[in-house]
Each structure stands twice: as structure tokens, then as C-alpha cells.
Amino acid sequence: MFDNRYGTGQSTLDGVIRATNVLLAGKTIVVAGYGWCSRGIALRAQGMGGNVIVTEVDPLKALEAVMDGYRVMPMTEAACLGDIFITATGDINVLDERHFGSMKDGALIANSGHFNVEINIPQLAAMSQDAPRKVREFVDQYTLKSGKHINLLGEGRLINLAAAEGHPASVMDMSFANQSLSAMYMAQNAKSLKPDVYTVPEEIDKEVARLKLAAMNVNIDVLTPEQEKYLASWEEGT
Amino acid sequence: MFDNRYGTGQSTLDGVIRATNVLLAGKTIVVAGYGWCSRGIALRAQGMGGNVIVTEVDPLKALEAVMDGYRVMPMTEAACLGDIFITATGDINVLDERHFGSMKDGALIANSGHFNVEINIPQLAAMSQDAPRKVREFVDQYTLKSGKHINLLGEGRLINLAAAEGHPASVMDMSFANQSLSAMYMAQNAKSLKPDVYTVPEEIDKEVARLKLAAMNVNIDVLTPEQEKYLASWEEGT
Amino acid sequence: MFDNRYGTGQSTLDGVIRATNVLLAGKTIVVAGYGWCSRGIALRAQGMGGNVIVTEVDPLKALEAVMDGYRVMPMTEAACLGDIFITATGDINVLDERHFGSMKDGALIANSGHFNVEINIPQLAAMSQDAPRKVREFVDQYTLKSGKHINLLGEGRLINLAAAEGHPASVMDMSFANQSLSAMYMAQNAKSLKPDVYTVPEEIDKEVARLKLAAMNVNIDVLTPEQEKYLASWEEGT
Amino acid sequence: MFDNRYGTGQSTLDGVIRATNVLLAGKTIVVAGYGWCSRGIALRAQGMGGNVIVTEVDPLKALEAVMDGYRVMPMTEAACLGDIFITATGDINVLDERHFGSMKDGALIANSGHFNVEINIPQLAAMSQDAPRKVREFVDQYTLKSGKHINLLGEGRLINLAAAEGHPASVMDMSFANQSLSAMYMAQNAKSLKPDVYTVPEEIDKEVARLKLAAMNVNIDVLTPEQEKYLASWEEGT
């Protein structure tokens, strides 16, 4: 969760900036999805002065995006408005024929979700006059038959890996600590665990957070016996 | 969730402002807790130009607060730094003897959690020279034996109810819709539900969000059959 | 400058919230103007979770608003999109016949500029079926002949004075200090000053800021002799 | 102004990230100065989830930083707290012997002001055990005699030029337009202008902004004759 939320936001924008050197301030940035990755991207895009539009299929997440101050609309509408599009939904063809046609001349499109299927690249190629022109190292410029240009970043692969360095070490450490403590937990509890998919025990998440805070020299409060007792009485009582 | 996160943030600050007419910009605002209510308060306090310190007992939430850009520290340290303190933890004596003594002269303290137990008011009274002086309608000023003044807002009761109007209707509507659809669900499924505590079915949450978005004239994307199939294949596959 | 920028933002939203108890999160908030007052309002409206649209007549200020991440458009377009409109331009009829007709049913309109002329109230009345209905203490609801409702807050007078308490004392102190030091300056320099309009000497602004910082216990850096010399050599050199 | 404010913020952080791949979220970032460049850096650093401390020598700017929600303190105090230091003051030795000694082990220091004099590098070298070790392409790690490490980015030269690509084209276009229109203005008015330093005529700034907005497809309001007349009457009247 921490690497998706805090790592992806920074590294995705880092990838977009390295690929294009575009100024984010004043741009309309369309983020497809409002899961952990995509809300990290939306937050950082706004933090860099972008005006963010979110697209979603889940009404609960869409409503959260609205309440967080973003515009929310279908991608067919957002397609006309965006300067930069970033997909992070985990689904296919989030940017497709019906969107490419209505994009602005010069639109930038990038993916930060799984695999290079979120943008329908074969369709984009089919709508184009020729093979794309490599205008910068990670920028393929497609010229549509209408004459408009669409710039695909990093060949639609995860832009933070393609054009930048992926997640910073200082967030991946938590993910790896989590994975190794989880492996230890599985080894220690091998006998009692039945074959199944388990979520990581909360105690491991807390232990990783505790270690991380200590490494950052951040101290936090500890419940007094009196406070523990009060909370326990509530939990019993309800 | 929506009323706690989005409603409490605004209405708590509204309560503090109505009670005191203090300018939040430039103030150090200490928020006790980083649950849904308290993170709403922290977000809006920062949005009004405050410099926010968060205190927490849960390392995971504390780490989130750090990664969200806030300072995190024990309340004993925060006590020396804050201009305004707002508790929203659900526990008792979050502000207590060991904190009052080190607060700045003129500190404002308010509660936005459950009941008026988060601030240890009897202790504050015991440390004071006399009965508190009512300096504004919702402000009781305690003068400690050291001569310092501490201003308790709304008698430690929920400040958004004490001094303001509580949550706006436009967020409570969702809570009430949720409750009435849940009641309907219970009536319809009375026979199959065994006596127990159930969480609200996700479908009800989604339905309320769908209705709310419609009322706000916000349209969202719908999965294409192709996208549904792709997601389903993943879920099957994993 | 400080009271306009930091005071007006908070007190204007405070006025709107007290008048209506509306939740700002998720609302589209149109701010007319991007001077000191209006940019304070825009910043705080975004800080409360609103989605802000700015209208301007000055291209430089309009461009700043764009680069600050807001949408910028003519009021005739914004009129269709806004849930809440706040004027702070210093000009007349910023909201007028051509805007009222295209507003959403239930739109809230308020003024935070000088006098009650920014909203063309006689025109709004002329477009309405009857006299407005007072739906809350500071809310006059006009019903247009089309059946749509437009809610005028505080009779178009400065909403932060009409429905709230105006600027907090902690920002007005600076304005008053500035005015009294300026009066002193005029008295002391009465002989050498010719009749004219003068701007406040920078040294007075700095002195007020210095006193305010001291009162807030904020220490700042002081140039070393070496640094002063370096800066001076630059100024001489250029 | 636009390139300093909006360009430097993004490109400086871009330089720091490329040089180090550090995650900004959760870091304490000390920005020296609160002029146009440095406030752009502070704003973007906060927008990326950093907790920002500002140092200043001018009380007016220091007070603005406080009111904008940042912590303000002398560099000697900030030195103990920062994870990342960025100087943009235009003066010399802003980071000097009295600061290096109290920095955390692993602190990152970078410059985004003019020339490489803001960080006293000879002093840093004198305090170190050996020549610095190049731990990444743009990172020289100094090991103090105390054993602590301080990482100097881009040899103290402008980090946005050293490690990134400088300002994005989309902001420099305005600076260059401004310069060429100013040159034209000088040529056209050669006879009437006496040898002196002139500020760019406001009309040129406005024209550049007008062209930029048009290029971004942003329309803005135009004063009605009635509004022009009202404003003019005020200006006459006052």
C-alpha cells in the first residue's frame, strides 16, 4: 500500500517529466482510476500545479475523487480536455479508439498500471498515418490521419520504470520488509496454516511501520494503562 | 465514512472559528489521532494555512501521517508547540495534566471525538486558580497557577455541534440513505440473517454513491464487456 | 495585503458556511477575480476540498491562476458549472442577467468585494417571479420565471461581515499597526513631504512584520557581515 | 517571474530526484529563501508530500511563509531537522560551517540559486576526512571528521541544470517572448528613452500572457463598457 500510494505518485510524474520535460503546472492531467496508485498520481499531479480529472468505474471511488476536489467524468469527455493522460486501472483499453479521435493535438499519454495493455496501442497505430516518430528518447509521436499528433510515452509500459528509476528505495524497503516478515510468518506457522490466500497479518504491517518510524527518528504516543482500559471497555461494551 | 472524513473536517474547523474567530493561517494546529475524522481535520487545517502536527498511538496511521507531510510526535512534545489542539481519538485523557503544564499561554483546546472525555477537564480545573472565565460564548478561559491561560472550547463537547451546526446536510444525506437502505436490507433478509454484527453490504454503499453522483450530475465510466471479461479472467486466474 | 490575502480567504468561506451550512468538499466554486482577496478565497476554497474556477479580465492574473492549477474561463461559461459563486473584483455587475439565466438550480451567490454592486441584484429581482423568500437568516432565495432557484447570501453585501465576524483580530492587528506607524511617519516627516499620494515606506511594512514574528515567537536569520557585503557588491556591480 | 516561480519549483525537485531517487513524501525539506524561486520550490516540495521549513532574512517574506503554513526558523535550528536542504537566496555561504556540523547523518544539500557560492563547499571539504566519494552520478558524499555523511548534489551548481534539463520549454517561451518584445520596444522607442534601467512595460507582460493563454485555449472575461466606466470613475474619484 505504501509503495503504491506514495511511491507511484512521485515516480510516475518523474517518468513523465524525464520523458518529456513538460511543465505540469497549468496542464489538465487526466488520471484513469482512483485506486491507491492512481490517487497517489492525482495527488502529486495536483501538488505540482496540474488541474486533475479522474475517471472511474466504481461509484464509491468516483465519489471519493469528487469529495477530494477533483473533476470526475467519463473518459470520452475527459479525452477532449486533457493535456496529459495517465492510466492506472489494471484493466485493458482504458484509452481506446473512441478517445484518441477526440484528443487535443499534442496530447501526452502514459501508463502506470500493470503491463502495456491499458492503452490500446495497436488501435492507435491503426489510426495513424505512418509508424510513430521517436521525438525524444521515450516519446513516440503518432500522427493520426486527421493530422493530429498523439505522444505515447515509454511505449505504454510502466512509465516510472521505463523513463525513471521506479520506486525510491525509501519506500520499497517497507514492501520488502513486509514480504520477508510475511515469509518468516509462513515458515513459523506452516503447520497451522491451511492452503489458502491470506492477507498479511496486521501485526506485521504494524511492526514494519514501527521500524520505519524508528529509522526516521519519529516517536509516537503510547496508550496509558488507563486509556487501554477505556478502549477495552468500549470494545467489550459494544 | 464520508461524513466522518469530509463532514467532520469542515464542521470542526467551523466550530473552532465560530467559537474564537481565530485566523488558522500561520497557526500550529495539533490534531490528536489519524482516523477518518482526524485526518479530515488535519487536511482542512492544512488547507486553511495551518501547520499541522499529528499525534497517534498506531504506528501504521502515524506513518501515513508522516508520508502525508505532517509532523508526527508524542503529545508531550506537541504540547509545547501547538496554538490550537483538537482531539478526535475516541479515547480518554488525550490532553491531560502532563500536557496542560507545558502548553503556550493562550492555547486553544477543543474536542471533536466522542463525548467530553478526551480532554481531562477536571484535571485542568484542578490545575487552575479559579473557576474558568467565559471570554466568548463558547470559550472558557482557565488560568493555571503558573499564570498561563488555556482556552477550552465548547466545554470539551464536540465542537462542531457545540459551536457550529454539525455536519452539513449534503454529507449526512449519504449516512441516512445508507442507514435506511441497510434497514430495508435487514427487513428483506430477516430470515437468512443470524443474530450477529454485520458490515453494510458493499452493494448498498455503492448504490448510495451512485445516487449521490447522479444527484450531483456526475457521470462515470462503465466497463465495456471486453474490460469486464479481462478483469474476470484475472480474478479467475489468480 | 496580509489581511486581504490571509484574512479574506478564511472569513469569506466562514461567511458562506455560516449562511448556508453547505459542505464545500466536492462543490464547484467560482471565484470572480484573482487579486489578493480573491486568490485568498480560491486557495482556501481548494483547501476545503472545493474545485475552483477563476474568472479574470487581466491576462497576467488569469495566467497566474492557470499556473496555480485552477480552471480559468469567462463567467458566461462558469455560470453553467458553478455550485457556489463568490465575487471579489471591485467592479460592478460581475454576475448579471447573462449569467443568472444559465446557472444551476440551487446555485449560491455571494460577494466579498467592495459594496453590494458586484452582483446585479435589481436584475436578479426583475428576472424572478416574486420577492425572494428568506430560507435561512442570510439566504434570500430568488425563483426565476423558469422555476430555477438562485440563493443570494447576505443581500450581496460583504459576506464575511454580513454572516460572519469579518477578519480575525490576529490579521487586522497588522493592518492597524501599519496605519498607526504610517500616521506617525507622516507627522514626523510633515515638513519634507509634499501633498501627494505616497505608498507606505517599506521600512514600516518590515517593522510591522518584525513585531508580528516576535509576537509569534518566530526567529529568523540575520545576514552575516560577509553576506551583507556580498549582496552590496552585487547591487553596486549591476 | 513565471519561469522562476513555476519553472524552478518543478525543475529543482526534478534535479534532486534524478540525482538521488529520494522519496520526497515524509521528508523534512529546508528551503533557504522565500523569493519567487524559493517559494516555487517550497510549494512543490509540499505538493510532493514533504514537510517544508523556510529560512529567510527579510521579515515580510518570513511572515508570508508563516502565513502560507510553513515553519520558519533560523538555519542553525533548521540544520538539525532537515533531510534535504535547497538554497535559493542569491547570497553566499547560506549553508556554512555552523550548519554542517549539526546536520543529520545522510543529509542532502543542493543549490538552486545563482552560482555555486550559496553552499560553502571549501568549508565542507575542510571539515571532511577525505575527498568526497561519488556515490551516484551527481552526488558527492562528504564524510565529516565526526563520521557523519553529507551528500552534496551537482557540486553545488544549479541542481535543475546540473542533474535535470532546466526549465521546461513551456515556461521559458514566456521569458523569451518577453525579452524579444522588450528588445523591439527599445528599438521602437530608442529616441525617447534616456540611458537608464527600465522595468519591462506592463503592456508587454500582458501581451505575452494574452498570447500564452490563447495558445493554451484559455478564454477570459472582457470588461463591458459599463464596467470600464465604473472602474474609471473610481480611479478618477480617489
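Of note:
Here the chain labels run A, B, C and D in written order, and each chain numbers its own residues starting at 1.
Throughout what follows, a residue touches a chain if its C-beta (ideal position, glycine included) is under 8 Å from a C-beta of that chain, and two chains touch if they have at least 3 such contacts.
All values derive from a computational prediction rather than experimental measurement.
Rotation angle, chain A onto chain D, C-alpha superposition: 180 degrees, expressed as a multiple of 5.
At the interface between chain B and chain C, over half of the residue numbers appear on both sides, which makes the contact a same-residue one.
The greater number of contacting C-beta pairs, out of the two interfaces C-D and B-D, is seen for C-D. The mean-CA centres of chain C and chain D are about 27 angstrom from one another, to the nearest whole unit. Our note on geometry: chain B versus chain D, Cα centroid distance of 36 Å, whole angstroms. Across the assembly, chain A contributes 6, 25-26, 46, 49, 66-67, 216 as residues in contact with two or more other chains. The touching residues of chain D, when paired with chain A in their complex, are 6-7, 9-10, 14, 17-18, 21-26, 43-44, 46-49, 165, 167-171, 216.
Across the interface of their complex, chain B is touched by residues 25-26, 46, 49-51, 66-71 of chain D. Per the touch definition, chain A reaches chain B in the complex via residues 2, 5-6, 55-60, 62-63, 66-67, 72-75, 77, 90-94, 117, 205-206, 209-210, 212-213, 216, 218-224, 226-227, 230-231, 234.
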